[in-house]
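Both complexes shown next keep subunit A, but they swap its partner, so subunit B is in the first and subunit C is in the second.
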Partner chain A sequence: MSAQIQEKNSHVTLYGRRWSKENASISRTFDKLVVVIIFIAMAAAFHLHFQLTVGDWDFWVDWKDRQYWVTATPILLIVFPAALQFVLWEKFRLPIGATVCMLALTAGVWISRYFGFHTWSYFPFSLVFPATAIAGALVLDAVLLLTGSGLLTAVFGGMAFGLLFYPGNWPLLAAYRLPMEAMNSLVSVGDYIGYAYTRTSTPEYLRFIERGTLRTFGGHSAVVSAFFSGFVCILVYLLWWYIGQVMSRVVTVPNRMKSLMGLGDRPDTP
Partner chain B sequence: MAKRLVSSSMLLFLTLCGVASVVHAHGERNQEPFLRMRTAHFYDVSWSTPQVAVNDEVIVEGKFRLFEDWPANLPEPEITFLGNGTPGPVFVRTESWLNGQPAIQSVPLKLNRDYAFKTVLKGRIPGQHHVHPMVNVEGAGPLMGPGAWVEITGRASDFKLPIKTLDGTEIENLETWGVPTVISWHAIWVVMAALWLTWWVRRPLLIPRHAAINDGNARLLINRSDLAVGAVFIVATVALVAGGFLWAEETYPRTIPLQGGRAVVKPLPKTDAPVEFVVERATYDVPGRSMQIRASVTNGGARPIRFGEFATSGLRFVNRSVPEAVAGVAPNYPKELVPPAGMVLSDDAPLAPGETRTLQFDMTDSAWETERLTSLLNDPDNRVGGLLFCFDDQGKRIIANVSGSIVPIFKDLVADTTMNH
Partner chain C sequence: MSSVIQTPVQTSARADSPAKERSVFNPRLALGTMVGITLLMAAYRIYQQIFAWSAGLDSTDPAFETYWMNLLKGELVLLVCSWVGLWSWLWVTRDRNLAALKPRDEIRRYFNLVLYILVYAFCVYFTGSFFAEMDASWHQTVVRDTAFTPSHVILFYGTIPLYILFGVGAFLYSVTRLPRFAERLSIPFTLAVAGPFLILPNLGYNEWGHAFWMMEEFFSAPLHWGFVVLGWSVLALGGLLLQIAQHMFETMGRLEQEAA
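Up next is the complex of A and B:
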């Protein structure tokens, strides 16, 4: 009886398999280490991707327009979440890939904006605050959890990811779209902030904003842009889900060098 | 070994810290000579004061001419923006004007035409800052004018940039406007994300879950509570986004999109210079740091003229024998940009109306070297460019373009010295 109790006390059952408590404890420590490493790696890698692709559209308040910022940002942001979602869902049944990515990105961009843009380069936060896409990531994860399907997550989650971006950021942005008069010209507060705080090598004409004829859709550029972005997000999500699949395969290469070096003619073991 | 490596590295680092000097300006001398000699020629540039307190203003104004002999490898100035060459936003630009028109938007400009500019800068970050006027040209990059040191005194924390919007909102300081809202919303979403992650990471994560999938027990990894929490999060997220959107619409009912149009600015009236300047031969004596231009000059005007100044790349070679030219250099103009030897002519007599004369212009100074204009020799397009300021007998200024090929002269100094002995 006491042996049974001892056996019971020294083991735990995790998801249907018996584990010694020691092994379970080591596994938990491993979890913690990996979580920290993934978070830091994701913050660095995703932030780098974000800087290189979305770049100025997110750096500056006078680039966050109704057309390109709304369209491009979700499309370029959904890539890492899609790939990580595949890995964490297929290998661990964890519907947290998108949220992990977005939380790590949030940490990365705020570190960059604080130290790089604000402290080092003197830009005020009113010019360089980052957008947030956590809302879309939460929905993406929750849809994956509820559907358990990459395809349905792409269709519903991807579309939601694109659609939620603009309204999710409007509370942050609206204060910078108040109209004002500067030098007898009508500008928004955000335009004026961008004008006032000199970016020596980023002149006004570099802003890629509000170009084209999308505004002819009844003036609702943001709505059209958000739907278009959502549609492209579906396709990009599927592509990156597949890339996550490919990248998470464990592949070995036959060691032909061994036989060339005369170390035996046994067939290589993968 | 490792210890020695670490201590050596530390020693090297400290030595470098000790010998390194502080960089104040921002690399304007790094721009290639062809950019500085043949694009935007700034003249009559002035800085209203060499020192301002935080929140006080300095006005930079003057004129520039977009050079006729514009380099073929640069796009023409079809889209330009009047900027200011400062170390980032140490000043805040509150106004900028081109020929009296607001320069808040980008504009197309024309070659061989002159533009008057005015920029109002408000002191923000204390320190000694090099301040240049600047024109950005799409495809050609920033084209800098001459720079002067302006000191900002006081405390950065005292800086404020107040404005009033068209709907009557008084914004006390644009530096901090809207920032608490931004931070609050980021915090809300971070908390939401943290809650979602906590729900999952509180349980054994990686190895046990992967083992369960391998064992065929994947169904044990997601339970009803998980699904319910997922549904709640979707609803809560969408509700939060909708609520935030409605709050913003309610709080800021009158908003406008970013203004991304282009403005139109007419150039200053063209005054055809009655001076024809044809470069016959221009040479640059490399070790002597001397530029010599032999030119055939014709006075097509009705009054005799003298040649007062050759201006290029922000440098002003002034002919000391022409009083109007000397008077044109303001006392607070940066001394390093006015070479003391100035411009010396082979014949300083006034050029009579209708007369054509061959003249030798000599500009010798180490400024060619310090301003790194000698690297012109490394450019694929070896041409010199600048403006020649002529004055008639009534003191009226006439500006002529000077451009032509330039030939370097290399001298073997050691050989020369030996021969002299």
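Up next is the complex of A and C:
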């Protein structure tokens, strides 16, 4: 076999760089492992963050109101996508940070909602189905891809993320907003399911839903909530883009236990 | 898919078996561990389904002692044994001659480290997502009795110690087997391990708060926000990813030079 053919068979050129086939294989295997780890880690950490901040509004259909739910959920949901977008875009030029986060969260939430609230605590799934923010995450990634700028993504993507939350969940929620009469009162179908399946350890008088009116602008409170949410999402996105930057810094300190480990007196590697 | 170069491998002092053709990527142990963890979590879940409502509502009930306190005691014993066992084994079998580590062996150890982190993340998923939200479904249905309740016996004393085992284990593996991690301690790695570890003592504070203030069971209560902040430390895996990628890239260059 000629030297040129041997050379061609033993090396590949990827993105303008020449790799040995073994190194190319190592690189690809590493990539696959990292994707799996990121997905699982985001499902864990993002879900923990989500359930302990806006979890109560997401757990129950009668908590999915037009004020607190619409306002608080996008603000707290944009946290991890912003941080992960920094790492994946700035370091790897991958515009998938928000979508990966949101898919991982959705997977984790649906699994735990089914195995926890539905099959363990016997709440009907119509009461405990989770909300979705995948539409907003797709737009967030698309804006980052098109602009290549964290600032512009914060402004346009963040606002879109806040505004898209309510309409993105409308197909799930609309049926439970239908009016009905119960005990001589006008209630929604979602409210009535909540009356039938009381949360025995959380008193009704402490529900943080639809406090106040938000009718100042003379109309639908959900629209006002969504715009307010969008504005705060812009600020939260910027903050967490920079926190992502801080968390992804490679910082090391000298290991003062070297001699204990039997490494002896060796110069530090730069 | 990993290609195998059929050359004999000389390894440094202790950690690897001598002069044997081995792939740099061997996920069998990690995959087997993840299968075992999945079976354990399924067993926990089934145990909760059968015994939580029937024997877990009243801590003064003798059945509670049988099905839940005995499980707790078993978990505490297993916790101590597994932590001491794995961490001391990693330390005792540390590589005392990292300077002699060949690039190919170093790449193999980096893959082992990444597989350790994969198992760690897998355990954190069951804690932070699966059983944590089940804890919400339990507490928002059942009035809190004591801190030793069915959801806690599994979550606090089963799943959390398990991810601590692998998180600290991964850190110890890197420090005892990889030259650059042995030379200089990685702050992102420390954060990614210490943050979730601190969830365990924070649970003590959380239980005190629930008992002292007799709180209603909102998951979004400020008392729980310590867990939120500690969960953010998982983002430090981004820094660790970059560090490992940099190291592997450099080592792959040396591997190529060696092969040339």
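One rule holds for everything that comes next: the second predicted complex is superposed on the first by the 250 of 270 C-alpha atoms of A that agree within 3 Å, B and C clash if a C-alpha of one lies under 4 Å from a C-alpha of the other, contacts with A are read in each partner's own complex, and residues count from 1 in each chain.
Keep in mind that, in the parts below, a residue touches a chain if its C-beta (ideal position, glycine included) is under 8 Å from a C-beta of that chain, and two chains touch if they have at least 3 such contacts.
All figures in this text were calculated on a predicted structure; none of them were measured in a lab.
Look at A:G230: by the touch rule set out above, it reaches neither subunit B nor subunit C.
In the superposed model, A:I134 lies in contact with subunit B only, and not with subunit C. In the superposition on chain A, A:G158 makes contact with neither subunit B nor subunit C. When both complexes are overlaid on chain A, the residue A:P74 reaches neither subunit B nor subunit C.
Residue contacts after overlaying the shared chain place A:S27 against subunit B and subunit C alike. Within the superposed three-chain model, A:T99 lies in touch with subunit B and out of touch with subunit C [touch as defined at top]. Contacts of A:R199 after superposition on the shared chain: both subunit B and subunit C are touched.
Ranking subunit B and subunit C by residues of subunit A touched puts B first. Looking at the shared chain after the overlay, A:V251 reaches subunit C, while subunit B stays out of its contact range.
By the touch criterion defined above, A:F123 reaches both subunit B and subunit C.
Residue overlap on subunit A between its contacts with subunit B in one complex and with subunit C in the other: 27-28, 30, 34, 91, 121, 123, 199-201, 203, 206. Touching subunit C in their complex are the following residues of subunit A: 20-23, 25-30, 33-34, 36-38, 40-41, 43-45, 47-49, 51-57, 59, 80, 83-84, 87, 91, 108-109, 111-113, 115-117, 119-121, 123, 199-203, 206, 243-244, 247-255, 258, 261-263, 266, 268-269. On subunit C, the positions that touch subunit A within their shared complex are 1-3, 5, 24-25, 45, 48-49, 52, 94, 96, 98-99, 107, 111, 114-115, 117-118, 121-122, 124-125, 127-130, 132-134, 136-144, 175-176, 179-180, 182-188, 191, 216-220, 224-225, 227-228, 231-232, 234-239, 241-243, 245-246, 248, 252, 255-256, 259.
Taken in their complex, subunit B has these residues touching subunit A: 26, 79-81, 83-97, 102-106, 124-125, 134, 136, 138, 141-142, 161, 163-167, 169, 171, 174-179, 181-182, 185-186, 189-190, 192-194, 196-197, 200-201, 204-213, 215, 217-218, 220-222, 226-227, 230-231, 233-234, 237-238, 240-242, 244-245, 247-249, 251-252, 254-260, 262.
On subunit A, the positions that touch subunit B within their shared complex are 14-17, 19, 24, 27-28, 30-31, 34-35, 62-66, 91-96, 99-100, 102-103, 106, 110, 121-126, 129-130, 132, 134-135, 137-139, 141-143, 145-146, 148, 164, 167-168, 170-193, 195-201, 203-207, 209-211, 221.
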